[in-house]
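Right, one structure below, let's go through it.
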Amino acid sequence: MNERCVLVTGFAPFAGEARNPSFEIVRRLDGERLGAHRIVGAFLPVVFGAAAAGLEGLLDTHRPELALAIGQAGGRDSLSLERVAINLVDARIADNSGMQPIDVEVVRGAPSAYFASLPLKAMRAAMLAAGVPTTLSLSAGSFVCNEVFYALCHLRATRDARMRSGFLHVPWLPEQAVDHPGQPSMALETMLTGVRAGLACALATVDDLHVPGGSTH
Amino acid sequence: MNERCVLVTGFAPFAGEARNPSFEIVRRLDGERLGAHRIVGAFLPVVFGAAAAGLEGLLDTHRPELALAIGQAGGRDSLSLERVAINLVDARIADNSGMQPIDVEVVRGAPSAYFASLPLKAMRAAMLAAGVPTTLSLSAGSFVCNEVFYALCHLRATRDARMRSGFLHVPWLPEQAVDHPGQPSMALETMLTGVRAGLACALATVDDLHVPGGSTH
Amino acid sequence: MNERCVLVTGFAPFAGEARNPSFEIVRRLDGERLGAHRIVGAFLPVVFGAAAAGLEGLLDTHRPELALAIGQAGGRDSLSLERVAINLVDARIADNSGMQPIDVEVVRGAPSAYFASLPLKAMRAAMLAAGVPTTLSLSAGSFVCNEVFYALCHLRATRDARMRSGFLHVPWLPEQAVDHPGQPSMALETMLTGVRAGLACALATVDDLHVPGGSTH
Amino acid sequence: MNERCVLVTGFAPFAGEARNPSFEIVRRLDGERLGAHRIVGAFLPVVFGAAAAGLEGLLDTHRPELALAIGQAGGRDSLSLERVAINLVDARIADNSGMQPIDVEVVRGAPSAYFASLPLKAMRAAMLAAGVPTTLSLSAGSFVCNEVFYALCHLRATRDARMRSGFLHVPWLPEQAVDHPGQPSMALETMLTGVRAGLACALATVDDLHVPGGSTH
């Protein structure tokens, strides 16, 4: 019998950083329980193609009911629930294998975009109620984070529509921000509080809140 | 015989502002020539539905080769060439008719997103070379600006694939920013220099530049 | 026999906030030891005049070797070691008693400004080494924080030149930033790590580091 | 007979920039009239010591009734009227002669700080009324701009108390900001409108406005 499972993924450090907060979040969450569910934490490389392939393997192995991929967004001040994954790779910097693809599709011929299938507005409310600054975001960029988010949505759409999935961007850790003067950060414990509150809410919520959450531009 | 035509649209003031820089840009550009093309400037209301309908009428009337919709993005510091229109309306504030739709599609059942069909990276290079701060953006928000951008792309895809189209977000004017302390602005003349350089480049460019232009998040 | 003492002061909540991180830092540090020194934590009201008077009483009572006043700087992303206290009160908002003095001196006829007498650059280095984002700041504002900083420097100059003193501004707590979307914050534990590292460094350091720490504007 | 005169000074480009907006403002204003006054525009080097010496020579030659030094503050979004000059040099970068002094006084043994003697709040109101984003600032930094501001105030205090004086920081020009993505700028014409409105107000105003203009931190 498979246990009911929540998959959370994090990334290796990249862009010259020694750490990646998403990696540390996932290492901490791995094996925790959320009610009837067990959290499986796993790592993905910051390498185009390999990241999406790694994700596909994890979904095959664990068949999670809910999957949340997490990535670092250095310079943001809040946890960011991503709403849209786009079928575009346009790398501002090289990935960890040295590749820097420009203006190609994540999946050839697939839809231009997918929307997250998690109840993001309810999750945001729960995370704010837990005291953790959280926003909704309409762009996950065009780097490996977006590729994984897109691949996650595409696999859901093409193979397992029961699974609900989304992506969370997190700020730098304070220990990273000491090398980025004038940039915000967030403590690992604060991030963990937010992620736990968000996942618990997602598991308990079927219909999302009907409240505003967009931006004028 | 129809003259060859470039359509630029601007919006009415909204969100309590007395002015909208996109309106003033379009008023100035209307009737100008760009080589063999005449610029037609026209205005759209900041009203969901009516804005897209107005755009459709303009396309029917003028049959432009190139259409650039322009909108205000208060708080941004640069001209922003938008890359992605999403099939989502989620209004943070009410539009000028008092409507505030939440989490509905722009066009029911249509694709999740469209990419702009203008050579945005070449346009950015031309606008920077003209001395005007310009960036590429992966989100046009989820308000009326995005609706018009999405409708423009959808009409292109479903009715007139010859037309190339895109969306430009512009900062507040200095005269608006005096009421928003600590927020950036841009002079109308600077915006006009940028828009003219961008349009001229778009008309002269078939294949976009193959240079990085994405973001990591 | 008096024990050797370090005084840290924090403020009551103000500006409609339910909490003030400086208050919580001081409550946690009160009674801790730093080598041969005991930390005394005490609270000051956010009221012009009363804050400076309260500080004077604390100095009389405790005769600290080192005094660090701490205050909230909502919107900053890092701990900020303040370098300059100015003889100016110009309140952007009312204090907690409803007073809003404009363009008056903190101490009539006293010098225009004082510089902190702590080894701020060494402290910054120690706080960064502890993993806590920390900057030097050339303005503590013109509200009650600056008044207390100025009063502290003035009392040192006029009564007890042995005492070394300074001021630290701290960001909002995450629990406060949930009500300020798009604004940075810092966890209380991160702040505590930074303050402890800074105080320990100050006690151990006589001559400050000779490294750049200014700003071009 | 000397004509009544207003002195405005600008700086040479520095920090690798090809232009300095303060230089261009001053070149444009030189020779203009403001009612009974003639504007004298003059340039200062971005070199510690030489800048202050150059200023002293200009005051000797022109004996202005009012002197406004202007400098570039790359990254700011508004014109900034500086309120406080401090007796501190702490250079974050080398000046144009390669010197990088750290933690020395501008004038040995002189007061810690001076306040501007212009009616800054009235000027701000006039500049805002002219449609130009303008703020009051409590720190002019610790580089050559602050040195010139301090020297100006010190010369006033020690030699010519009739002269009123101040300092204005201005943003990058758009042509500079193209090399600083994500940073604000302001058009030269907008700056000129603001400076003219501010100077005219200063000449016409004896007592400053009694309105709030400080900051809480």
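Lettered A, B, C and D in written order, each chain numbered from 1.
The rule we apply is simple: contacts are C-beta pairs under 8 Å (C-beta built on N, C-alpha and C of every residue); 3 or more make two chains touch, one makes a residue touch a chain.
Model, not experiment: these values are computed from the prediction.
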In terms of mean CA position, the chain most removed from chain C is B
Here the gap between chain B and chain D, centre to centre from mean Cα coordinates and rounded to Å, is 38
Inter-centroid spacing, chain D versus chain C (mean Cα positions, whole Å): 30
Whole-Å gap between the CA centroids of chain A and chain D: 47
In chain B, residues with contacts to at least two other chains: none
Pick one for the touching-chains graph, please: line, ring, star, complete, other. ring
Which chains are in touch, pair by pair? A-B, A-C, B-D, C-D
Note: in the complex, chain D contacts chain C through residues 15, 71-74, 76, 83-84, 86, 88-93, 100, 102-103, 111-115, 137-143, 145, 169, 208, 210-217
Chain B contacts chain D in the complex at 77-78, 128, 131-135, 174-175, 177-178, 181-187, 189-190
